[in-house]
Amino acid sequence: MKRVGVFLCWCGSNISSAVDLDQVAEQTALLPHVVHVEQYKYLCSDPGQETVRKAIKEHALNRVVIAACSPRMHERTFRRAVGSVGLNPHLMEIANIREQCSWVHPDKVTSTPVAVDLVRTAVAKAVKDIPLEPSYVGIEKRALVVGGGIAGIQAALDIADSGYEVVLVEREPTIGGRMAQLDKTFPTLDCSSCILTPKMVEAGQDPRIRLLTYAEVESLSGYIGNFEARIRMKARSVDLDRCTGCGDCWNKCPYRSPGEFDLGLGKRKAIYLPFPQAVPNKPVLDRATCAYFQKDGKCQVCKKVCAPGAIDFEQQDEILEERFGAVVVATGFDLWDHGRYGEYGAGQHPDVISSLEFERLVSASGPTDGKIKRPSDGKLPERVVFIQCVGSRDEAKGVPYCSKVCCMYTAKHAILLKEKIPSSQSYVFYIDVRAAGKNYEEFYRRATVEYGAQYIRGRVSRIYPRGDSLVVVGEDTLLGQKVEVEADLVVLATAVVSRSDAPQVAQKLGFSYDQHGFFTEAHPKLAPVETNTAGIFLAGACQGPKDIPDTVAQAGAAAAKVVRLFAKDQLETEPTVARVDRARCAGCEWCRPICPYKAIEMEAVTERVGSGQVARRVAKVNPSLCHGCGACSVACRSGAMNLLGFSNEQVWAEVEALCL
Amino acid sequence: MKLAYYPGCSSHGSAADYDRSARAVAGALALELVDVPEWNCCGASSAHGADHRLAMYLPGRNLAVAAGMGMGGVVTPCAACYSRLNRAHHWLAEDRRRWLELSAAVGVPYNDVGKPRSLLEVVVGDVGLEAVAAQVRRPLKGLKAAAYYGCLMLKPPEVARFDDPENPRSMDDLLQALGAQPVRWGFKTECCGASLSVSRPELVEKLVGDILDNASAAGAECVVTACPMCQANLEQRRSERHRLPVFYFTDLAGIAFGLSPRELGIPMHLGEPLELLRGKGLLAAGEEGQG
Amino acid sequence: MSVAEREPKIVGFLCNWCSYAGADLAGTSRTSYPTSVRVIRVPCSGRVNPQFVLRAFQLGADGVLVAGCHPGDCHYSTGNYFTRRRFLLVKRFLDYLGIDQRRFRLRWISASEGPKFAETIREMTEELRQLGPRDAAAVEAHAE
Amino acid sequence: MAVVDLTEAAKGREELLTRVRELAETDPLACYQCGKCSAGCPLSFAMDYQPRQIIRLVQLGMREQALGSSTIWLCAGCATCTTRCPRQVKIDGVMDALRQLAGQDGRAPREREVAAFHTSFLESVRRGGRVHELGMVGSYKLRTRRIFQDGGLGWNLLRHRRLPLKASPLRDRKTVERIFRAAEVRG
Amino acid sequence: MRSEAVRAAARRLLEEGKVVRFLGHAPGFDPTSPFPQLITRAEEAERLVLDHFCAPNLAKYLLDYETQEGVTAVVLKGCDALGLARLLADHRVARDRVWVVGLPCPGMLDRDKAAALLPGVQEARAEGDEFVLTGAGGERRVAAGQVLLDRCLVCAVPTPDDADELLGEPVPGRPVPREEDAAVAALEAMTSAERKAYWTEQFSRCIRCMACRNVCPACNCRSCCFDSEEPRWLSRVTDGPAQEMFHFVRALHVAGRCVDCHECERVCPMDIPLMKLNHKLLQDVEELFELERAFVPREVEPLGIYRPDDPEEFA
């Protein structure tokens, strides 16, 4: 006998203010199988859950319907509450009368019938619920970290330190990411490589971390605890075991071309080390600019001078297949292409540069050894204009959001400029200085008071050349007057944007991304480092613009999530998976090609027919591989394949109840 | 190629010279311009400040008449008329019900005549630079010219939908095709003050001064424009220190095609436009000193 | 009251990861939309069996909406590709059997497209109101 | 500088905002006062309020100051501001709308000569369907009693056959008259 | 016509022990509607017959012997062979337990058309492009086109291509191109309401005898969803909606898998135009999923695969 208890939540007043719950209760009480209806102000609270538990015991309920907020919010909470009094957690259904009723139908007269229908439907489904038990699956206690910037490095170190094996995959020839390109970091003016390099070395030397640089994840399949990754090791043309990093090859190599690390401001050889502190501290041969590959085998200087014989032109890409239990994605960000800012003549005038280019100029390991030389004529600039929000907060340019970090690094640039060229004067055109972090406001104050940066509130409208300097036209909105600055160098704080191939990476690894290409977290406030795909975590700017402190904090959080997963020996998988009714299954295999997780196999069964035994083949679902999407249950015309939790019986009952 | 031609009010008066060179160059490029019959004033700078409906109906009527002519679309030499016609076309394209409103107001049925185009847009876009270069008899060798686009031909981009509002290239490319040497300068798209020339001439003098300073600093020997208001302001509101002659792009195209200054109405410009052409050896014997 | 006044009834099958989350987002941003829709949550749009859709029509639904993730973004990677194939056929076959194809809608609505969900419901409700009532013979007598 | 009573200004704010939104088909509230419009405006040097400040006045509902400004008259309509606005506010549309509201309020324009020019211009259009430049400038001079302005320039243009004495109006004068009336009716 | 050949084949196969049973046709109530006949001993071969009225498709009967020992021989025409191919593709029958006796099919007669032309018709003899009908009412010579089954007029596969032995020389398919089914186009031209009325009337005649399901090689589930108690996909009441559900589901379940053999239409006692449903789906499958001859069974059914660039109508 099905004994259903229905609990209507007020949700403070979120529901009760827009839905006549008394009327809902009244009509629900008339439904078949409903033996108990109760209202409570906050069902999700402890006392709220206690009333449910008490009612289950008191009225011997064997089905529960919670009419409250979305199941995406508290399904797990109420399952646990129901389970705690011995009732199978899957004998509980939720009617969403908040997000999909009271909050969208404010008028009580019209919203109440909707709530009545939704509760009736939930009751109909609950009546068809059957107890479900989770199954357990093993966990491969190895972590894959995608992206070798500070986020990836920190996550890898934390996971390795907890005793688990980590594979860190980095697309560039060295780890270090964006931070390696920075000179100093705010708000403490620590030298970026001084605080980053030790972590890089540590990551390079930690036996539990396997560095795969100049490599990309080709594909990822499987599910939490049992991922299978195919990793492409791009041909480096250098045998890392033999190479000692002595430098003979890149010293002798005659071919030079613009260096990507220095954003084209400096040159590097065809075989090169991106920057001195690179880890691994071994070169990579760029086949696009190497004469051996481009001019069919002419020059082999590097091979000749290499004592340990580490140069290998025949090296091919290699595919590694590895198993992992969890993945941390830390693929970082790019800067917006300021060439699209026609008004600033960017891309046409060499002295209008991006903030990262300025960072390279001011960096000691940069192309100009730290001297801020103007790209046009190499002179030291006296008057430098910094422009904030170039691309950011600009719907016309397609980047409506604030990039969060530019205000602080521009203040840093103003300080570095004054330190390097004491006679210089910096002008910063800003709209709002956003210095909300710890010691950030104080740092901004130093830039103006101690280093004399001239802050002008107003967006620059236009930059045009006059003689060999640049005229920057803006409005000082505090003065209320149009202003001009004649500058020797203009630095644009361009917007932080997602990597150009971020959507492809997201689809390849199997989680979602937003319209700007930033990866979508499971919940912006409650689950910022998780994705909707269990077992895949996020860290750093790939999830949205953020500074180094937040990035490192997220990396630590992601690592904690991984370690928390690995602390278990086996994983409890959702019981709402597909199941075959052997008696009905004809073994036609219509279901098999549908499953993206290859969770359906055929198995031989023997059964008595008349006097003899007969063998035949039926479908079999592997509960640990099945994710419970249900696509196979529709392909099975006879209804032999069913999806537990959303079974044919349950959905059919919902449709019937809904349309009465 | 046959197009409905909207000359605009200044073609009778202060821009009679532009009208002459425009028609001459169109003829040389086998562009058949058929005047919009009984065209009316587009409202230029005054209508849109007085009444939004008036600012749409005045140019709207011309679009409706042009649509009735069944040509390949409507073209106008003047940047102000081009801007107003485009605004009306954009307003009509947004909502078909406005077609009925316009037809009722102006008494001419409207259907889409296609995006109005400026003469420069047609010469560079439809005729094409190869066809222009093919007509060149007298390349403007050594003539350093500052291509001045002004504002109404390019802005706002979602209405004008022509070239790049910040770094336009079309007139520079045309000058190159004519053999001239376009100079790189910063005031290509700065506004000249347009109709303020009559009511607040001193403001226009300041704007024109800045534009011409930047042009001469960039080594230009003359300024080339495609808008009668810009030409009038640059020519009539400049101070003594500026001697740069101001041509219409159709003047230079005509000269390059071998047409005489008289046919192009160049002598009607104020200042000494012929002096520069003579200096560059671009005037044949007979064309000297035509008043 | 005739259907013109009575609000059309729409049965909505929403996939849990995208469209249901989108509908929730419309709720959290307090975007109101007509009370015509009743939502049934399914793990994936690929779980919606065409027989559920026809059953809904037979039980008096004026319109049926199936909503899922945009192809390529499915939480189960390929579920909605099968949804698309099935309902390319079913949409036409329903119409062929005399159920006007404007009564059935399949739409890709992502978790961040709350407004698109509300707009879909408004559009469908308006269109169904204009389509008018479904003939009585098609709707099963409600034997209690 | 007197203290601005914002609650007082707020009374007319909603009405002003609605009218501006309707006429300019844009929303001034989207503006976050970044000043890019003022910076790019060729005539802001001559204006009492910067274009940004005009938008600020509208945001606050300060109708008197906005409609009484010289800015809305000195705006040349070059649309540089609208082209570059990061919040895609049509600032040139707002200027047009405010000029229309000033006209409707019957307020004396802050820039008398500019307003006079536009009146003469539209009179000439209404009379002949096309602008007769000589006639229009003549009516402008009478209206502003600046009889001798640009005398030399006028003579020069006449000599170069660019200032025809005779107008060339439309054959049917009612063509444009009907348009003016239709616009006034729709208001 | 070929009765002698089929009896000889049956006797041989059974005597040699190549097969343990032989599925053929035998005379039914009257000579124009033969019955399927199973024989297990050589001497029973005499009871077999193979003439122009042997339309019934014997492929699906193989399911009954799936669980029994030994190889089964079966007489299959071209269209019947497609039915077998369907059962093989659906893993319901193992090819190595079947011996196919292929009949290069000259085209089978429509019993009703023949009876209309010559009441009491007993026999038919093919002569060139004509048939000589003989029966109680005497004899009559008629053109083939007047008396063949509709499906035989456009048959593209008269000879089974996977037969173990053939009863006679292969016959080429009729070169009639497969054009859009005119009947489907006519229905599509109607308004939604007209179609509703049409199908409601057609379906109202259905007595739910399940003959169409039982004969259809594509409808080979071990237990049919219509028989399911929970959920009750199909109400047992034969009112309007339930009839609609039955035909909607039956056609949709074979969408992309129907082999266009027309047996369902032939066996329907109430002459409901079932092929108008199947052809509509067959055309849509071919057009939407860019498939040639979608009625030929493939390794995976069209609804069991997808292409990322399938037509997108649901943005």
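Here the chain labels run A, B, C, D and E in written order, and each chain numbers its own residues starting at 1.
The criterion applied here is as follows: contacts are C-beta pairs under 8 Å (C-beta built on N, C-alpha and C of every residue); 3 or more make two chains touch, one makes a residue touch a chain.
Not measured: the values here are computed from a predicted model.
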Steps needed, at fewest, to go from chain B to chain E via touching chains: 2
Labels of chains that are neighbours to chain B and to chain D: A
Chain pair with more C-beta contacts, A-E versus A-D: A-D
Remotest chain, chain A as reference, centres from CA atoms: E
Chain separated most widely from chain C, comparing mean CA positions: B
Distance from the mean Cα position of chain E to that of chain D, given in whole angstrom: 82
Centroid distance [mean C-alpha coordinates] between chain D and chain C, Å: 52
Centre-to-centre distance between chain C and chain B (centres being mean Cα positions), rounded to whole Å: 55
Distance between the centres, which are taken as Cα means, of chain C and chain A, whole angstrom: 31
Residues of chain E touching at least two other chains: 233, 303
Numbers and ranges of chain C residues touching at least 2 other chains: 50, 55, 72, 78, 82, 86
Where chain D touches two or more other chains at once, by residue number: 45, 80
Complete list of chain pairs which touch one another: A-B, A-C, A-D, A-E, B-D, C-E
Contacting residues of chain D [partner chain B, same complex]: 23, 42-43, 45-46, 74, 76-80, 82-83, 90, 92, 95-97, 99-100, 103, 111, 113-114, 116-118, 121-122, 125, 129-134, 137, 140, 144, 149-150, 153, 156-157, 160-164, 168, 170-172, 175-176, 178-180, 182-184, 186-187
Chain E-touching residues of chain A, taken from the complex the two chains share: 583-590, 593-594, 609, 614, 616-617, 635, 637-640, 648-649, 652-653
Chain D-facing residues of chain A, complex: 343, 389, 393-397, 431, 457-462, 473-477, 480-483
For the chain D and chain A complex, residues of the former touching the latter: 32-41, 44-45, 49-50, 52-53, 80, 84-88
Touch list for chain A against partner chain B, complex: 342-343, 345, 348, 464-467, 471
